[in-house]
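Each structure below is given as structure tokens.
The following pair of complexes shares a single chain, chain A, combined with chain B in the former and chain C in the latter.
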Partner chain A sequence: MEIVKQENGSFSVLKLKGRFDAHEAEPVNTWLQAQVEKQCVNIIVNLEGVNFVDSTALSTLVRGYKKCRENNGTLRLCSLQQPVRVIFELTRLDKAFDIFETEEEASVAI
Partner chain B sequence: MLASQMVNSAERFYKLASIWINLGATQVQLLDEDLVLVSIPEEFTPSKSMLSVQSRVSTLALRISGLTGDAWSSIAESMLDGLGSLLTIESEMKDLTAALVETQDRLVAIYELTQATRRTLDIPALMELLVKESKTLFDADGGLAILKEKGQKPIFHQISDKYLSQTELEALAALFHKDQNRFVINDPHLLPPGIHNLMMLSLPVRDKVSALFGVYNSKTDFTSPDIKLAQAIAGQLGAQFENTYLHLESLRRVRLEAEMDIARQVQMNILPQNVPIIDGLDIYAMSAPAFEVGGDFFDVIERSKDSLVLTVGDVTGKGMPSALLMSMTHTVIKSASRMMPFNFPHQVLDRLNFDLFSDFSNVGMFATVFFGTFDRTNSVLSFSNAGQSPIYHIPNGQEPVLLEAQDVPVGVLTENAFSTQKIQFSNGDIFVIATDGFPEARNTFDEMFGYERMKNSLSKSRNLSAKEMVESLLADVNSFSASKLQEDDQTIIVVKVNDMDRTKQFLIPATFEDIRIPAEYLRALLVKAALDESIINGCELAVQEHLTNLVEHAYVGNSDNTITINITCDENQVMIETIDKGKPVNVDLSKVKMPNPMDLAEGGYGLAIIQSLMDDVTYNTNNGRNTWQLIKFIHRTP
Partner chain C sequence: MRIAIITTHPPSKGSLNEYAFHFVRFLKTKVEDVKEIILLLDELPSGESYSFSQEPDEVPIRCIPCWKFGAIDNVFRITKAVKEVIPDIVLFNIQFASFADKKIPATLGLMTPWVLKRSGFNVAVLIHNIMETVDLKSAGFGSNSLVVGIIRLAGNIVTRFILSADLVAVTIPKYVEILERKYGANNVLLAPHGSFEEPTDTQPSPMPGGQPTIMTFGKFGTYKTVDLLLQAHEYLQKNHPGLRLVIAGTDSPNAAGYLKKMQEKFSYITNVEFTGYVAEEDVARIFGEAWVVAFPYTSTTGSSGVLHQAGGYGKAVVLPKLGDLAELVLEEGYDGEFFEPTDWKSLADAIARVIDDPDRQMEIGLRNYTAANGLPITEVVDWYLIHFQELLKRK
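For the complex of A and B:
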């Protein structure tokens, strides 16, 4: 999996690509925790290039999301492929996360 | 004896004499057997009266001039007895002291000899030390040692001014053997010229070794204390020789073991380390030699995309000789099957027999060999069986059928007499090729495991993977033979024929990385089967979730463990079966619920995802084996 880190306005952006599963969850978790420690608590995870997520990936995102909120920030998701969206729907986590169609929308939403 | 003692005690006598002089004696003389020892005064003064008293306890006598009468005579007698006793005791004490000093000297000498030899673990050096030291110890001009190991030439060692010839030494050794253990000859007439006395002893070493040592031409004749000392030396040195032999033997054994170890490694490397992984076939093969090296061999070679070669053989006998012939046999078969200018398996055995017949018959050995080729295009096994047993065909859903060997072993007949048979395989069929080490395993009552038990074991484990079938058989054989050691090599190949396109087995280490392999394979398989995208995605996710659970919970991240995964896809369903040996799961599957999203739970999704994606999830655990089945029904739209 490829992990690209960018800045977008007041957001730190994590762009993932490929298969986001138990094997890849740890580096993403490490990155998210590091951001929170740096007080960069407004994060967008761009899943445009991700074709597969599993529950470990979901747990990682949930953990990051909670940390950001505890620090008065937020973690937004954008650009989900259909199979990935299905998994969010299956676990109903689509109800818990703020999910946007594009990174642009995620970065400007209030 | 007493006379010499008296010389040292003269002072004492003067005192006694002066008492007599004071009493009126003119002269006092002490005699030993008529010899005058002391006379006071020295010059003889004739006297009319003289007392002459002979001691009752010694040879001493007293002459006192100038005194006479029974009274004086009685006193003189008592005095003389007292003096005699004193001198005798003094003399004995002196002898004892001398003997003690000598004994001490000898003990020190033995101690030094023992110390010197203890550092030596070399037979010739020990002999040299023994001869040198004992020669000094007995103050002899010559020392010798003869050592003879059974079946070997004797070794001689001598230090002397007068060397004995080998013939003379052998003659002495022969003489010695008539009078076991020891002898002393102090008569020069009985000895070779130039030798005037000799003492010879044997060292108490092991049966297969006779060791003698001796000293000769000592200044004084050999006495019984000398023999005692020599026996002590023999005892000490014998033990040291024995130690040295043990040391040399253990060195030899270590060397031999190292060589055997290399031989075993070479042999293990000859046999395939792992079998090829072939779609549609579940193959497992193993060979366990009973000794360091064995006579069994096997091979599983993927000759081409569509052809697989299976070989199992057993060279008669055990250990090194059969291992050597096994290597040759294996090589001939391997090259014959690799190049394979032959169309039929029996031609390979013909070739083998032609090449190795004389090698086998020269040493009176032979080999049983199964050689088969499996054609994957039509699932036909062609094989030739030269006396190899047992071979089982287990048709799908039926009991194992024992296939008798149709030909005699290789190396028995000069003419080529091998034939080829064919078996058509169907999906689910199992083929087992083994050596007699399994059925002929014995228990402590000398009963054999037998073909029936082997058949039952295979029948019982038929639904397991090939590897597990072998493990189950080994467990059955081991529990039957209990504490009895494996007597014969055990070699086996199990081939399970699965549906080429729709069935796949994986054996993976329990890591997050490795579980992707079956997950991604499943996707490819289902894509090929043209199933709905939602089913494909769902099945892939379910497998991923399930295997993640096994890695995380059953094995708690311990990646030394493996998971067996069977993926089957037919007209009606996709079935994923996993077998692990991790911690059993204690979960009520009917009570699994998806966490509430608003709780933002960081876990607990896996099993809920699996259950919502799959139509049937079952779990059971038995004997440390956990089996999960995940099934997705397929409802094809016409």
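For the complex of A and C:
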């Protein structure tokens, strides 16, 4: 999986591409933790290039979401492909996360 | 938030006790989100009592034994207890026979989520099986087709009662699909079962050394049976001198006396150990000594906690070719050798393919270890908390 990290003033963006699963979750988890430690707790995860997520990947995002929220920040998702959106709907995590169509919309909301 | 959980919990031997043990073990660490855990438990036999270790930095736990397996009035007992504690969320950890092994008390008990919802509480149900996928005859419910038909009808009604909860969690994607399609439900969610053990730096060995040991673990006598396994063990001993068979666990509440009967019937087979109830502190040793964990099931009633445990200990498994288990294996990244569920020779062959092939034993064990540690139950608990927070926010 390709990971692109951007810091954009008031928020950070993580762009992922490929399969986001148990084997790929650790670097994302590490980055999210580091952001929280730096108090960069407004985060957008752009999943435009992600075609598969498993339960470990979802848990990584849940953990990041919880940490951001505990620090008065937010973790938003954007640009979900249809198979990924289905997984979010199946787990009803689409109700918990703020999900946006585009990165721009997600950033405006912060 | 304050959470009341209706469940069994060790030392109660009721089904799902172990799942509850691990769920609560991690829930009590979530001090940022949870203010109090109130366990509404089944009453224990005289002389036994519940005890919970409590650290100062953990969520306080209150334990209220208030219902009884088989009692016809569990719905009233539980409702009364919930009304006294007034939690923010009521969570049920149940399967279709959680409250009784008789049809009427079982059905009445399963109406409790509906009654509590009607009473104004926020209700979530983790249901580990659904009626549509249970082989009722094999599971000990119903001796003829007419009875099974009536139970199915009752099951449909009970399922609607359960679906009246705010949230209904299931552990298999297919269950979400069935409940949405058949019942038009829009409050069902998939929540992974999760692994009971925390990942360790030291990976357990699928090949523990010592005498080759087949182990099976559970509550036996309905859809988990041991006769075919004993026959397979007898057959395998011809080519595997010293092979042990450990049958770990107790009778199913629906099949009192089953294991004693099996022990007597197959008393001529050597190197068989019936452990009886396995206390929590002995679980690691029992799994640790196993070369292969066998699942001699004739049907399944949902996701298998034992499979997750076996994976947590890095064990190779032999599994029946049955719907739910096979699906779980594929979807959650587990592996195993498969056998025909009614054929002891097929079971023996599957076991032999593991214990005679160290590479395959290692391969399955490591794969299962990876799968089981993919999502520890502490993470699953976070999913529930997020859903609960969302529910409370909506209200």
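The working rule: the second predicted complex is superposed on the first by the 107 of 110 C-alpha atoms of A that agree within 3 Å, B and C clash if a C-alpha of one lies under 4 Å from a C-alpha of the other, contacts with A are read in each partner's own complex, and residues count from 1 in each chain.
The rule we apply is simple: a contact is a pair of C-beta atoms (placed from the backbone, for glycine too) under 8 Å apart; a residue touches a chain by one contact, two chains touch by 3 or more.
Just so you know, these numbers come straight off a predicted model, no measurement behind them.
Chemist: Just from the overlay, do chain B and chain C fit on chain A, or is there a clash?
Modeler: After superposition on chain A, which the two structures share, chain B runs into chain C.
Chemist: Just chain B (first), just chain C (second), both, or neither: which does A:E70 touch?
Modeler: Only chain C; A:E70 stays clear of chain B.
Chemist: Determine, under the contact definition given at the top, whether A:S59 touches first (chain B), second (chain C), both, or neither.
Modeler: Once the two structures are laid over each other on A, A:S59 reaches both partners.
Chemist: Using the touch definition from the top, say if A:P83 reaches chain B (first), chain C (second), both or neither.
Modeler: first
Chemist: Who wins on chain A residues touched, chain B or chain C?
Modeler: Counting residues of chain A touched by each partner, the higher count goes to B.
Chemist: Using the superposition on chain A described above, determine whether A:K17 touches chain B (first), chain C (second), both, or neither.
Modeler: neither
Chemist: Common interface residues of chain A with chain B and chain C?
Modeler: In the superposed arrangement, which is not itself an observed complex, chain A uses residues 22, 54-56, 58-59, 62-63, 65-66, 90-93, 95-96 for both chain B and chain C.
Chemist: Sort out for me which residues of chain C touch chain A in the complex.
Modeler: Chain C residues touching chain A: 32, 167, 173, 176, 189-192, 332-333, 370, 374-375, 379-380, 382-383, 386-387, 389-390.
Chemist: So in the complex, which bits of chain B are touching chain A?
Modeler: Contact set of chain B toward chain A: 511-513, 515-516, 533-534, 537, 540-541, 544-545, 548, 551-552, 594-598, 600-603, 605-606, 608-609, 612-613.
Chemist: Under the touch definition given earlier, write down the residues of chain A that touch chain C in their complex.
Modeler: Spelled out, the residues of chain A in touch with chain C are 22, 54-56, 58-59, 62-63, 65-66, 70, 90-93, 95-96.
Chemist: Under the stated contact criterion, what part of chain A meets chain B in this complex?
Modeler: The touching residues are 19, 21-23, 52, 54-56, 58-59, 62-63, 65-66, 83, 86-87, 90-96.
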